[in-house]
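You will see chain A twice below: alongside chain B first, and alongside chain C after that.
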Partner chain A sequence: MHSIDAVPTDRAAALLDRVRPEQGEVPAFLFSDPEIYRLEMERIFARCWLFVAHESEVPAPGDYVTRSMGEDAVIVARGEDGAIRVMLNVCRHRGMRICRADLGNSSHFRCPYHGFTYKNTGELIGVPFEKELYAGALIKDRMGLLQARVATHAGLVFATFDEGAGTLADYLGPMAWYLDLLAGRAEMEVVGPPHRHELRANWKLPAENFASDAYHTMHTHASIAEIGLTPSATWAKDGYHVAAGNGHGVMIGAPTRRFIFAEALRPVFRRRLAPEQYALLERLAHMPGTVFPNLSFLISAVTLKDRFVSHTELLQWQPKGPDRIDVHSWLLMEKEAPPEVRELSRQAFIVTFGPSGMLAQDDAENFTGITQNSRGPVARRLALNYEMGLGTAAPAAGVGPGQVLEGKYNEANARGFYRRWLELMRGRA
Partner chain B sequence: MSDATARDGDPVIEVGNEFALVSVRKVRTRNGVRLEIASPRLGHRIQLDALALESLTWQPMETFTRFLQTPFGPLETDGHAAERPDP
Partner chain C sequence: MSAQGAGATGVPADVRVEVLEFLHHEAELLDDGRLDEWLELLTEDVSYAMPVRLTRERGQEPAVSAEMQFFQDDLATLRLRVRRLRTDFAWAEDPPSRTRHFVANARVAPGPTPDEVDVRCNVLVYRNRGASAASDLISGERRDRLRRVGGAWKLARRVFVPDQATLGVDNLAIFV
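So, the complex of A and B:
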């Protein structure tokens, strides 16, 4: 019997052979080839633990949001029992999308096509004219919404449809420690629904950028230093480059000239974090990173209205084809943050990484430009250069778990990202 | 016999999500009040008194799951495809 899963063709296998992270070579076709994309959906997005929501987005029974896991649409819902479930947003009758709103509250979901009705736990409970039309033949127990495995870390909800995947803790590895700084340093909540915008780019470009590319900040984002949001164009050079396991990458900007968070929150951080984590938070200037494959994040601080204010955000790159991304961005906030800090932080998020944010706009130019180039029959053959730091970077101690390198400018995490990508694409994970 | 009627100025509350929309308002009889719940889309309406409403407060969610086993209500429970009432 044949599997319906995509399997690499000879052509795809030959394409994968040209991805050589250990030599610092990543071919341009990776950013637009449809066959590569199809294989990524099967081998990466249908197998990895994927971020789907923050717990605070579904605080009450019946609250739900609709999200994507690769090309699969899902409902993230809190049931009447308080448990968060992640279910395929596909009616088991004829495959219609059941929830079409971005968010809502409902104890039951009703399919728009024929009215098949499900509890918000996924059980099929109502079928119009069932007795008359099916005469008892329909086995509703077998027609519940398909359930993903769900696990959380620091309020971040992850899901996978792969029954064979390990635990979320295994998947996150050393990255969990850094996610505590991001989302576990206080009781955090997301502010409002996520901002969404479309980017004509391949999903891997922003993902590897947040994991690995501090180097671009001095040139791509030079203008934000010119207007005084950041102290200098090279503000993101000092610190550490951390391979955080399983393709995850995080960069630590340190030391900071001053504590970037609200002073009032110090005791909260100290209570919730391990001493080593708190020590790093005190020195932290900024912290971008990516949880493989497509959840990026950032802690940063800017000077806004003569105030120095931090902002923390999640950015997810939802693939919608080889050259299109549905970007979701969430502002994360300490529940206990003083009101004026909340407001300034919100403004800092909007001017930097909201859909019209200056840094987001700068980055979008690069991501779309590379994606467009990668379609050219000549350009697509080019091996792009990822060799910065190959064999020359110095390890640093006393920072945190993972493989920690001195200095932020490096391309080691991008190589780690594509190393993991390649393992999964070849089916050896 | 006449239905309880709304009084001018009594607020109408709408409760909706992507699946359903109902309007809720207080209505009055000569001697008392009821809560009217109406579904403009399906054309159904019920007027519940305080005692009936109180009994809702101890229902488990399964009660409503049972109600929704026939997702379009009386269209099916009559045993035939009745005309859908005008909204």
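So, the complex of A and C:
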């Protein structure tokens, strides 16, 4: 039997041959080519472990949110048994989308088309006139919602439909250690629903930016220093550039002038983290990163209204075509955060990131401009330059796992991102 | 009509005219990019919010988030935003976009004090930028509170409830 998976055409194979991360060359057509995009959906988004929700978004039995895994719609639901399941939001009868809300609480989902009814565990429990119309050949047992494999780390829920994928722990590799700093340092919760907006850009541009690009902060975000949120335009230069395995990248801003979190939370962090992790948290000035392929995160600290405040966020770049992203951004907060810290932290998140954020606005300008340019028949052939730090970066010791390089300005993580991307696109993963 | 010209809303007709003039003047300042003058229209204690809109099943509330907002600003942060736009590095609005604020269906009701009124109106913001013919449309309802300060109306509170759960904009580098 032939596979219905997209297989690279000769043309696609030729396109992939032009992607040379080891030489610091990434061609512009990666950000707009429809064939590349189709292959990404099959070979990256249908195979990788993808972030779908934070546990606190579905705290109670029956709670659900709807999300996307690539272009596949899914329901993330907590059953009466307390387990979180991730199910394709597609009726097994005729393929109708069965849940059409962003979030809610329900014991079951009923398809609008013919009334097929599924429990929030995915089990098909009701088919109108089943006995009469299906001549006793009960179809309920074999027609449950398609279930993804689900695993969590530090409250972050990941899923994959690939039965052949390894474990989430194998997938995250060294990145798990840094995700503990991000989302495991205390019991964390999302503050309300995510911001959502449609960014007219290719999903890889923000993903590689958060994984690798501290360099842009100096110029793209120069306005932020000018209005006093950060001490200087080069505030994001010092620290470490960490290749965290499997295309993941994280950057450690260090040292900090002062502890960026609420003092009251120190004992919580010390209790929950390993000593080496706590030691890094004490020195941390900020921490952007990307879990391959499309979950980015950030711990950021700014001076707002004469007060120094940090916030922690997740950003997901949901692809909606080669040149569209349904951006989701969540604010994560320690459950035990003092109320005044919580309020200022929320304001810092909104004022700096999210669609009205004074940093996010200018990032969007770059991502959309590159995407537009990448469609030009001449521009699309350009090999864009990713060679910063090739063969010159110095390793740093005593920070954390992964390949740790001295200094944040580097493009090693972007090369790592595209190296992993290329392996998956060629089907050799 | 009562002696003061108050209609069914309990707000005198001359006040309703002043409120409409305020809204139209504010839209002009925003569309002309006269943001320093716009800041002058705000009270010292202004709150400026734009909550996240949600798609919920009928009967499951709320469909407007009480916890997360696209704007959660006060005078200090609004001033910061305007200052940033004045720097040489505010790429998202340089070149600036062209906006048109259409303000309609204004309904004026008495506020909690004699010097305040509550105003609901429908707003459509058209935004175009660069050479592209494609445009952003931001549609929503403003729930404003205006306060008379020293003889002039000022904006004391704005809640802009957007009609999109996923905003169709690359960024919100403008004001609604």
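Keep in mind that, in the parts below, the second predicted complex is superposed on the first by the 428 of 429 C-alpha atoms of A that agree within 3 Å, B and C clash if a C-alpha of one lies under 4 Å from a C-alpha of the other, contacts with A are read in each partner's own complex, and residues count from 1 in each chain.
FYI, a contact is a pair of C-beta atoms (placed from the backbone, for glycine too) under 8 Å apart; a residue touches a chain by one contact, two chains touch by 3 or more.
All figures in this text were calculated on a predicted structure; none of them were measured in a lab.
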### Message
Just checking: does A:T220 make contact with chain B only, chain C only, both, or neither of them? Give me first, second, both or neither.
### Response
second
### Query
Does chain B (first) or chain C (second) touch A:T117, or do both, or does neither?
first
## Note on the structure
The answer to whether chain B or chain C touches more of chain A is C
### Query
Between chain B (first) and chain C (second), which, if any, makes contact with A:A360: first, second, both or neither?
second
### Touching partner for A:H197 - first (chain B), second (chain C), both, neither
second
### Task
State whether A:F129 touches chain B only (first), chain C only (second), both chains, or neither.
first
### Query
Does chain B (first) or chain C (second) touch A:G104, or do both, or does neither?
both
## Note on the structure
chain A positions within both the chain B interface and the chain C interface are 100-101, 104-106
### Contact set on chain B toward chain A in their complex
17-20, 61, 64-65, 68-72, 75-76, 79, 81
### Task
Spell out the residues on chain C that touch chain A in their complex, using ranges where they run on.
50, 52, 54-57, 60, 65-73, 76-77, 80-81, 83-84, 87-93, 165-173
### Message
Give the list of chain A residues in touch with chain B in this complex.
### Response
80, 99-101, 104-110, 115-117, 119, 125-132
## Note on the structure
Within the complex, chain C is touched by chain A residues 100-106, 191-201, 219-224, 226-227, 229, 304-305, 326, 331, 346-347, 350-351, 354-356, 358, 360-362, 364-366, 368
